[in-house]
Amino acid sequence: MTLAIQGIGLTRRFGGFTALDNVDIAIRQGEIRGLIGPNGAGKSTLIDVLSGRARNPGGQVLLNGVDVSRLTPQQRRKRGMARSFQRTNIFPELSVEQQLRIASWAVEDADTDEVMDELDLRALADRPAAEISYGDQRRLDLALALVGRPRVLLLDEPAAGLTMEESLDLARILRDLANRWGVTVLLVEHDMQVVFSICDQITVLHLGRSLSEGSCAEVRANPTVIAAYLGTEA
Amino acid sequence: MSLLAFHDVHALYGQARILNGVTFEVGAGERVALVGRNGVGKTTVVNTLCGGTRVAQGRIELRGRPTKDLRGYSAAQNGIAIVLQGRGILPNLTVEENLLLGGATARRGPWTLAKIQELFPILSERRSNPGWALSGGQQQMLAIGRALMANPDLLILDEPSEGLAPVIVDDLAALLVQLGTDGMGILLIEQNISLIHRVAERFYVLSKGSVAESGSLHNVSRDELQGHIAI
Amino acid sequence: DPLRVGVPTDLSGTYATLGEEVMRAVRFATDEANAQHGVAGHMVEIKSYDTEAKPDLARRQSEKLVSEGYTILTGTIASGEGLAIAPLMDRWGSIYISTINKADELTGANCVPRVFRVNTQSAMDAATVKPWLAQRKEKKWAVVAADIAWGRGSGALFDKAAAGLGKEMVADLYTPADINDFAPYIEQVKKSGAEGVWVVLAGRDAVNFAQQAKQFGLTRTVTVAGVSFTTDGTVKTLGDAAEGIYGIINYSSTLDTPENQSFVKAWTAKYSSPPTNFEGETYLGMQVLFQAVKQANSVKPDDIAKAMSGGEFDTILGKLKLRAEDHQLLKPNYFGVVEKVDGVLRPVVKTTVSAADVAPAVTCKMPS
Amino acid sequence: MTVAAGDVAPRVKTRRGTPLLLVLGVAALVAGFTLPWIAPSKVAMSLMAQSLFDALLATSVGFLVRQNGRVSFGQAAFFGLGGYVFAILVARSLVTPEVALVLALAVPTLVAFLFGLVVARVTGVAHAMLTLAIGQALYEIAFRWRELAKGDDGMSFDLPARLFGLPTRGLQDPAVMVVLAWSILVVALLGLKLFSQSRTGQIAAAIRDNEERARFIGFSTTLPRALVYAIAALIAAIAGTLQATYNGYIAPQMFHWSLSGAALVMAIVGGAKFIVGPAIGAIVLFYIKDLAGQFAEYWPAIVGTVLVVVTLVMPEGIVGLIKRIGGLGQRR
Amino acid sequence: MLIQLLNGVVYGGLLYLLSVGLVLIFGLRQVVNFAHGALFMIGAYIGYSVAAAGSWWGGLVVAVVAMAIAGCVLDATLFRALRKQDHIVTVLVTFGLLLILETLVTVIWGKAYLRYPMPDLLSGTVDIAGSPFPVYRLFVIVVSIVVALSLASWLRFTRIGLYVRAASTDARVTSIQGINVDRLSLIVVGLGTALAGLSGVVAGPLLSLSPTMGNYILIDSFIVVVIGGMGSFGGAFVAALLIGQIHNFGAIYLPWAGTMLPLLLMVGVLIWRPTGLSGART
């Protein structure tokens, strides 16, 4: 079984505070891996380390078995790794259509129409991104990551700010990507409905360490996870 | 007496008309939800209240008084605190300073720095960290805490559950209900059906810049609520 | 025909005060001539444009003046301005009379037939220092000079003069342009043990240096002298901070020739203060111009140029010759000190060095 | 800074736009030849030529703002460098005049490229100050190094008799220079327009907008930005070389920050969001200043008042105002 | 050595007084104030006129008050109208203002250099390390330290100070907390210009007065602001002292570098930390 992405001993410190403490993670190709955990557990930090946003983190990142730890984000993108952001990170002055098109150039002129339709951005094509609503910006952020159908997707709370229907649509799209195209997804999300409906495996992060890892059912039943994270709703 | 009321409000960003006759009101101790799809204008309602749009027509009342010339500070000075969408944390100020800023109107009430730090212990742990060093969810807690610091009569929350862990959303639901019971008005703008369902008594559905539907949420199931919103 | 004189000068830049003085002198001379029905019947018309003391702007404004018929140019301040417009006189069919520019090249390496200079160049100032320095008892000297062409050149000339007279140079300090605080330089002069300091600073720098030197008590212990340092203008600003400072004087209203005294009298009557050095020098330029017009009996630049080159003119400094080889007016130069005259501080001439003694060597190869 | 929403043409429009652009360009070039005839006098022509040098310099600054979102307070560095390299090489006959010309354009371009690699990550006022620093450093060198080009006095030089086999006398004739400068300006504007529609141009715009995201969608961000610095510097160098040639004179003021600042002001007055804005701003301000010069010493106050009023009335510059008025007309 | 060090502090102190005003105004109004040098200059001229009429200290007070009022007027008229514009556009306005103010001064006071008198109390010298040192320079040091300390504690420990810092990062969010940012900025801009006036008067007896006197020092102040980290008060203080020392020791040990040293320092700092010493995130 090939590992699409693997992190070994990932560590990140801010001053004296350790946000990510020697975390190992390995995701198979075509797997959707949920990453959950309380606020401040280190989920976004983990994505930052994997995607090359964090400067000088500890540990090693392997993409399809190749060490990419020293590569810049753009080099990682060229090798098939893309990410979205928890705090919207788009091109405010460019129109929706234009920024998606530009994004496609980096990956051999990929098609943008599909992404636009899937994420319902067609109607907003000509609007500068700064002027669209928050939820729409979230979808645009996600679309920027999806352009060119990357091999490995690191998504940081993609469903936040979306309506329930949209979240479910999103879940369907991701499942589709994984099933049909073998895209590997690391999904950070607080919307448990989405997580439990599509994830193959779930990693629970707590205080910068991996608390548990397993199938949805296992995680759901884990009393520690319920107490620390899931609460009554699940 | 209503704390906040919009009567047939039309509002524009530049040339673009976003609100087309919005009417709603929230009274003391009421827990009201404002819902709708992305881009219908929910946040624009909040912005309008803060003077961020041009009001072409209609009337906005604060505590029953029609208010012309709304400014950023008008709401706060009338006892309305807002949890902004996207959080609006001041990145260079420390966590504690962010909280103190919430108390700028110096209204007295149950919420003090200590109380908030008790509610969200992380805000006490990180009190001298700059705002930008918090995780997304921690920032959301800070935004909620900051709004409470104002001891408002009306609390407006624009998608507060965003980025919060489910346990914390549970706590938030309980908190909002309690606040309402204690007499604070709550205007909750949300996508999280379960949170709306647990908190709100009444709802307004916004569609294409005006209120398409409204009603009580007593004895309405989650699915029915979902149906209302999906207009 | 009227005699049209264009005055491209600095009205708003670093040397705006000098520009004001230039304009005042040009206007005075013009009014005087027009009151007598013009120069040989030609009424004088003047027009000025602001050059901000920038060479390229000086070029543009001069071109405009010439094209509007003001073909006799005078009044630029910075040497760079003069050097920038000089080569264009031929193309424009105009002439330029320098009254303030100090660069030797203007009538030296870069001399051209249509450029004349009535003021002293740096080499002439250097020749004026020597006799004074020779009789001073201070052995150790320091130079504080502006780090520009004029400052460097003038400082080097002083070094040479001092060396020739067996003095010891203990510090050579060149200060960058537009500096505000001279404290570090003042401290260095103090430390060097200099008994005398030769200052080559002008305008704002001169005022700041003198003022701060006094605050640090430098002027009490060290003899201070300089060139363009204590002009009438800076002395007026400085007040008692300037008292006792020695310096080269290119023109002074205190000069005791009958021509000068009647000029000073008329001037004082009009402006209620005596003319400054720059005003005197500019007026001198106008005098030379007017006489050349009379001698040529024409207002055509070509004819005026012919009359100027090698001509002799009656001026406020007496009868002076404008050398044909390089178009430098051979004029005397002065050395003096700032002291009270009628209760007012001003530079007062103590020694006169004759025109022959300060006349610079001819380095010009006049192109035909 | 910002690009107006409508300014970034969607793909379809671009393709249709290009031929139209070329037609416009050719028309403008042809129109340039009438300039010597419509000018009322030789001096008017000369002023026109000089305003065009300003226009080129302002275009250079404006382009940097528009394309990289970086404010430069030191664009005169490249203007001066172009002029100095050409004048010094020619005056000392170090190389053939043709090589001198090429170097006069290549050296500033290269310097700017390297500079861009290093400083592009600095933004805002800090960036403006960095650019000011290189301009002032060159200024100080030119000002104090007398052996190089006579230091603060500046240096006159004679043009070589022929350049690329053509006689150079005309280069100091306003009638010739005005046509030449105009043609260069038109070609430069066209080139910039095409660049900003090109992929690299659009990528640079994306980088300006959000550098971090540009990296995460897979672009290296240093090169496109450095390229923009280089192109902007090339235009400034052309302007500097033209001015030096026309005047037969160079002086350290060519590097001075006040010239850079003036160029920036021209660019904003014209409208830095638009490619033609800076050039128009430069020409308008050139004549306003020239007119104000009639009031001798009070001209700064007049120009100052114009600036304040212009900003309040048309924050997007002259071209912005024209577009807005045009836009209103269309909408009705 | 000690004297040179002190001289560095004097110049640094002056720069601090000027730059901190720039920082205040930039923070609240996002205006890069090119007219700041002109305000400094006008402060000096106003002080000069009053001092010439008899009272040096009166000149100080009048200049500071007049400039504070001028700042409030500026804020209420121009800056408020410009608050939605790009920084770069506001530069035009302040640049235009600079030109207008300079002309105004030449009309009222003329172009000639003027010498600012020294207060009797502070003229004279004291011996420091065996060498006379002007008392007035010590006064400059004291003034800048007092201003720095009071400003720092105002910003750090008072509510208004907190609001100022908040509004400097995000005016919209701050006003939604119930703070009238327009009124706040009236105070802050007024304070900034008052400090410009104060530094004008304080600099007066050291530098000669001329309509362009502000331009020379403005660039150094901008260098200070940028090195300190745009918008950082503490950073500005450190940077000002640094530039003061560089200015002094550079003149002694590296005279060939001339006025380039502060610029070089700035380049070094910015390449090392693009956001300046304080490294504040924006």
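Some observations on this one:
Letters A, B, C, D and E mark the chains in the order given here, with residues in each chain numbered from 1 onward.
By our rule, a residue touches a chain if its C-beta (ideal position, glycine included) is under 8 Å from a C-beta of that chain, and two chains touch if they have at least 3 such contacts.
What you see is a predicted model, and the numbers here were worked out from it, not measured in a lab.
Touch-path distance (fewest steps) from chain B to chain E is 1.
Relative to the C-alpha centre of chain A, the farthest chain centre belongs to C.
Centroid to centroid, with C-alpha atoms defining each point, chain B and chain D lie 50 Å apart.
A straight line joining the Cα centres of chain D and chain E is 32 Å long. Centre-to-centre separation of chain C and chain D, using mean CA positions: 38 Å.
In chain E, the positions touching at least two other chains are 102, 106, 258-259.
Residues of chain C in contact with two or more other chains: 12, 16, 147, 176-177.
Multi-chain contact residues, meaning those touching two or more other chains, do not occur anywhere in chain B.
Chain pairs that touch one another are A-B, A-D, B-E, C-D, C-E, D-E. Of all residues in chain E, only 26, 32, 78, 81-82, 85-93, 95-100, 102-104, 106-107, 219, 222-223, 225-226, 230, 258-260, 263-264, 266-267, 270-271, 274-276 touch chain D in the complex they form.
Those residues of chain E that touch chain C in the complex are listed here as 3-4, 7, 10-11, 102, 106, 111-115, 118, 125, 131-134, 136-137, 203, 205-208, 210-213, 216-217, 220, 247-249, 251-252, 255, 258-259. Chain contact summary for the complex, chain B toward chain E: residues 50, 52, 71-73, 75-77, 82, 84, 88, 90-93, 97, 100-102, 104-105, 130, 132, 146, 150.
In the complex of the two chains, the chain A residues touching chain B come out as 14, 37-41, 44-45, 86-88, 124, 131-136, 139, 157, 160-166, 190, 192, 227-234.
Residues 41-43, 46-47, 50, 140, 143-144, 146, 150-154, 156, 172, 243, 247-249, 251, 253-254, 293, 296-297, 299-300 of chain D touch chain C in their complex.
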